[in-house]
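See structure below.
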Amino acid sequence: MHIRVNPKTTQTIAKVVIWAAALLVLLLLFTIMIYFLSKGIPHITWQFLTQIPSDMGKSGGISSAIVGTLAVTLVAIVVATPLGVGTAFYLTEYTRESGVTKVIRFSAESLAGIPSIVYGLFGFIFFVTYLKLGWSILSGGLTLAVMILPTIIRTSEEAIRTVPPMYREVSFSLGGTKWQTMTKVLIPSALPGIATGIILGIGRSVAETAAIILTAGSALQMPTSLFSPARTLAVHFYILASEGISLDNAFATAAILIILILLINIGANLLVNRFVAKRR
Amino acid sequence: MKLKNFGERIPQGLFFIIALSALTVLALITIFIFVQGVPLIAKVGFFHFIFGMKWAPSQGYYGIFPMIVGTISVTLGAIILGVPVALCCAIFLAEFAPRQLSDVVRPAIQLLAGIPSVVYGFWGLIFIVPLIREYLGGPGLSILAGSIILAIMILPTVISISEVSLLALSPLLKEGAFALGATHWQTIRSVLVPAAKSGIVASIILGIGRAVGETMAVIMVLGNAVALPNSILSPVRTLTTNIGIEMGYASGEHQQALFATGIVLLVIIMILNSVAQYSIRRK
Amino acid sequence: MKKSDAKSRLFFRFSSIFYLFLSLFSITFLTGCGRNANTVVVAGSTSVQPFAEVLAQEYMTLHPGVSIDVQGGGSAAGIMATQSGTTDIGMSSRNLQGSETSLWSIEIARDGIAIIVNPKNPLTGLTLQQVADIYDGKTTNWDQIGGKKGEIDVFTREDGSGTRSSFESLVMGTSQIMARAMVENSNGAIRQLVSDDPGAIGYISLGLVDDTVKALDLGGIVPSRANVVNGTYNLSRPFLFLTLKPPVGLVKDFIDFTMSAQGQQILYAQGLITPGYSP
C-alpha cells in the first residue's frame, strides 16, 4: 500500500529541520565565542598586555607572545608574498598553458593541503637543526613562509588569471610594455584576490601551533632578535590550557586571539570591498 | 609577444628567478619528505608499514594501521555529523533566509572558520569530553569527541562552497519546477540539490581534506592511545597527532617513520584533490 | 586608466614604505645577530622545565642583559638537542644511557615520581605490583583492587619522556605499558586530565603534585620528599643538566649558580631534593 504524504507536510518538516540546522550553527558559534570572550576579557588588563609571562605563565602578561606572533607572521609574509606573487605572475604572464603549468598548479594545490604538522617536522629538521638557526623567530617564520607559499601562489594566480584579457589588450594597444601592463593594470585589478591570499596566510600564521613550538620554541622571554626563540599567542594558549597552568590567563589569551582574528577578518573584508567598489 | 626590448628582459628574468626559487623551495620539501620517508617504507616493507598493527619505535615496530584507523574513523564521524548540518545550512542560506538574516549568518560562519584549532581543541576538552565521559562512558577522550570538534570545524568550508553552488544554478531550474506544480522543498530536494551535486561533493571533499590534516584541535581530545579503537568511545591516535606527539624527540629511523607518515598524508591529500577536481570537471 | 594609475602608484608607495620599515625593523632585530654571548638556551625535560624557569628568572634578575631561554620538548628531545648543538644546556629527568654518556652532565636535584589519582577516588594507596598490573593492562577495573567500580583510565607520558623511562624501569620492570594507555606529553597535561576524570590514574613529578590530584601511597609509604630522601619511597629520579662539552663562560656561570647554595635553596623551596642544600 502506498502512503501518500502531503507534500505540504514534508515541506513544513523540511523547513523546520533546516531552520534548526541553521540555528544550531549559530548557537555553536556563539557558545564558543561568548565562552572564551566572556571568560577571557575580564582578565585582559593593560599590565597583561605589556608584561612578559612569569612563573611559567601563571602570572605576568603576554607581551612577549604578542611580539612573537607579530614577528613570526611578519617574517612569513615578507618572505612568502614576493615569492608567491612573483611566481604567480611568471606562471600566468610568461609561460604558456602546458602540461608543466598544470603539474605546477596541481602541486601547489596539493602542497597547500599538506597538514601543517608535516611542515613543522620539515622546519625543525631543516631550519632548526640542519641550518643551525636554532629555535628562533627566523626558523618559525621561514617554516610558516613555506607553509603559506602554495596558498599565495594559488590565490594570486587565480586573481591574475581572472583579470579580463581585454584589460591587457587595451593596455598593449595603447603602447604599454609588459611591465607597465603588469604594474598599472594587472596588479590593481588582481589586488583583492592577491590580498585575500595574503590575509589567509596571515590567518594561518597566527593560528599555527605545533609547527611553531618545534621551530620557534616556547621560551617565555621577550625576543631580542630574529634569532631569539619566541612564543606566539597560539602556542602560549596551548601550553597554558593543556597543562592547566592558569585557566584565567588561558582564556584571556584565547580572547585576544579571537579578537585578533576578528580584526583581521574585518580588515580583510573592508580592504576587498574598497577595491571592488572602486573598480565599479 | 616578442620581448626583444631589453627593458622587458629584466622583469622577465627577475620573475623567472623568483618563480624558480619558490618552486625550488616547494620541491625541496616534497623531495625532503620522500628522501627521508621512502627508505624506511622500503626497509619495513610497504604492507608492514601500512597494515602493521604495532607502533613501537623504541623496539623497531613501525606499523601505522592503528593511526590510519584513527584518522579514518574520526574523519568519517566528522562527515556524518557535519555534512547534513552543513547542507541544511547551505540550503537555508540559499533558499530560505531573508536577506537581512543571511547577511548576518554568512559572516558568522566565516568567523567560525577563523577560530584557531587550539581554541576548538580546548573547548572540546572542557565541554565535550566531560559530557561524553559522564553520559556515554569511557574516558571521554575519544573518537566521538574528535569527530564532534572536526564536524564543527568543517562546517564553514562545506556550507560556503555548497551555498555558492546552489546560488550558481540557473533560475530557470527553479522556475521550471514551480511551473510544474512542485513545492519549494520538492524543488530543492529533487532538482536543485542534484543539480548542484558536483559543487557540494567538492565541498565535502575539501572538508575531508581539512579534517584529515587537523592536528591541534584533536590532539587534546583524542587520548592518543596507540591501539585500535573498540568503539567510538575509545581513545585513538590519528596520523597527524602521531607526528605531533613524537616529532620533538624522534631521531634516526623513528624520524624517518614520521616522514613516511607524512608521505601517506600527502598521498591522501593528492587523491582527495584529484577526486574533487574530477567531480567539478564532470559538471 | 587614470584611476588605476593612481591606485598602482599608491600601491607602490605603500609597499616601498612597508619595505623601508621592514629594513629598519630587521636592522634593530638583526643586531642581536646569532646566538650571541648573552643568551643561553636550555631545553628538554618538561619535568625539569618549570624549575629551570624559576632558576632562570632569578639569574636574569641578578644579571640583567642576559637571557636564559627555557623550553620543553621532553628528555629525549633535550638530549638530542644537546648532541646536535641546538641547545646550550639540555635537561633530562632520567639517567643517560649508551652513547649519551659522552655528554657532560650534572645532577642539579632529585625528584620523586608520584602515582596520582582523582581526589574523588576512595583509594589511598597501592602496591608497586598493582600499579604495574594496571599499566600493562592486567587490571582494568577499579573494583578489582578494592576501589569503586569503574574502568581505569590509564594515562602515561610520551615515549621520549624521561619521567616515563624512569617510571618504566622503576615500576614496570620487564612488562610494558599497554598500547591502550592514553598519552600526553607533559606533567601538567597528565595532572590536568587526572584531576578531571574520576576514573583516571597517572604519574607525574612529585614536585608538581598539588591539591587538584591525590598522590597514592606505594606499599604503605607516603610519597613525600622526606621519604624519598630517606630511601623508603624509592620512586625517584635525577634532574640533569647536560652540555656537549664541559661548560664554559655564561653557560658555566648559570650552571654554577644552579649548584650554588642560592640556586639549590630555590630548588629546595620549590619542593625538590637538593644535593647542595638542606635546611
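Letters A, B and C mark the chains in the order given here, with residues in each chain numbered from 1 onward.
Following the convention adopted for this analysis, a contact is a pair of C-beta atoms (placed from the backbone, for glycine too) under 8 Å apart; a residue touches a chain by one contact, two chains touch by 3 or more.
What you see is a predicted model; the values in this text were computed from it and never measured.
Chain pair with the larger contact count among A-C and A-B is A-B, by C-beta pairs in contact.
In terms of the distance between Cα centroids, chain B is separated most widely from C. Between the Cα centres of chain A and chain C there is a gap of 31 Å. Per-chain Cα centroids separate chain A from chain B by 16 Å. Shared contact sites, meaning residues of chain B that touch two or more other chains, fall at 248. Across the assembly, chain C contributes 184 as residues in contact with two or more other chains.
Within chain A, the positions touching two or more other chains are listed as 242.
Chain B contributes residues 1, 3, 5, 7-8, 11-12, 14-16, 18-19, 21-23, 25-26, 29-30, 32-33, 36, 84-85, 88-89, 91-93, 96-97, 105, 107-112, 114-120, 122-123, 125, 152, 155, 159, 182-186, 188-189, 209, 212-216, 219-220, 240, 243-244, 247-248, 255, 258-259, 262, 265-266, 269-270, 272-273 to its touches with chain A in the complex. Note for the complex: chain A touches chain B at residues 7-8, 10-11, 14-15, 17-22, 24-26, 28-29, 32-33, 35-36, 82-84, 86-87, 89-91, 93-94, 104, 106-111, 113-122, 124-126, 146, 149-150, 153, 177-179, 182, 203, 206-207, 209-210, 214, 234, 237-238, 241-242, 250, 254, 257-258, 261-262, 264-265, 269.
Of all the residues in chain C, the ones that touch chain A in their complex are 1, 3-5, 7-8, 11-12, 22, 25-26, 29-36, 39, 41, 43, 49-50, 53-54, 57, 60, 67-72, 84-87, 184, 186-189, 191-192, 195, 212.
Per the touch definition, chain C reaches chain B in the complex via residues 73-77, 80, 151, 153, 158-160, 178-185, 193, 196-197, 199-200. Per the touch definition, chain B reaches chain C in the complex via residues 54-58, 66, 129-130, 133, 137-141, 223-227, 235, 237, 245-246, 248-251.
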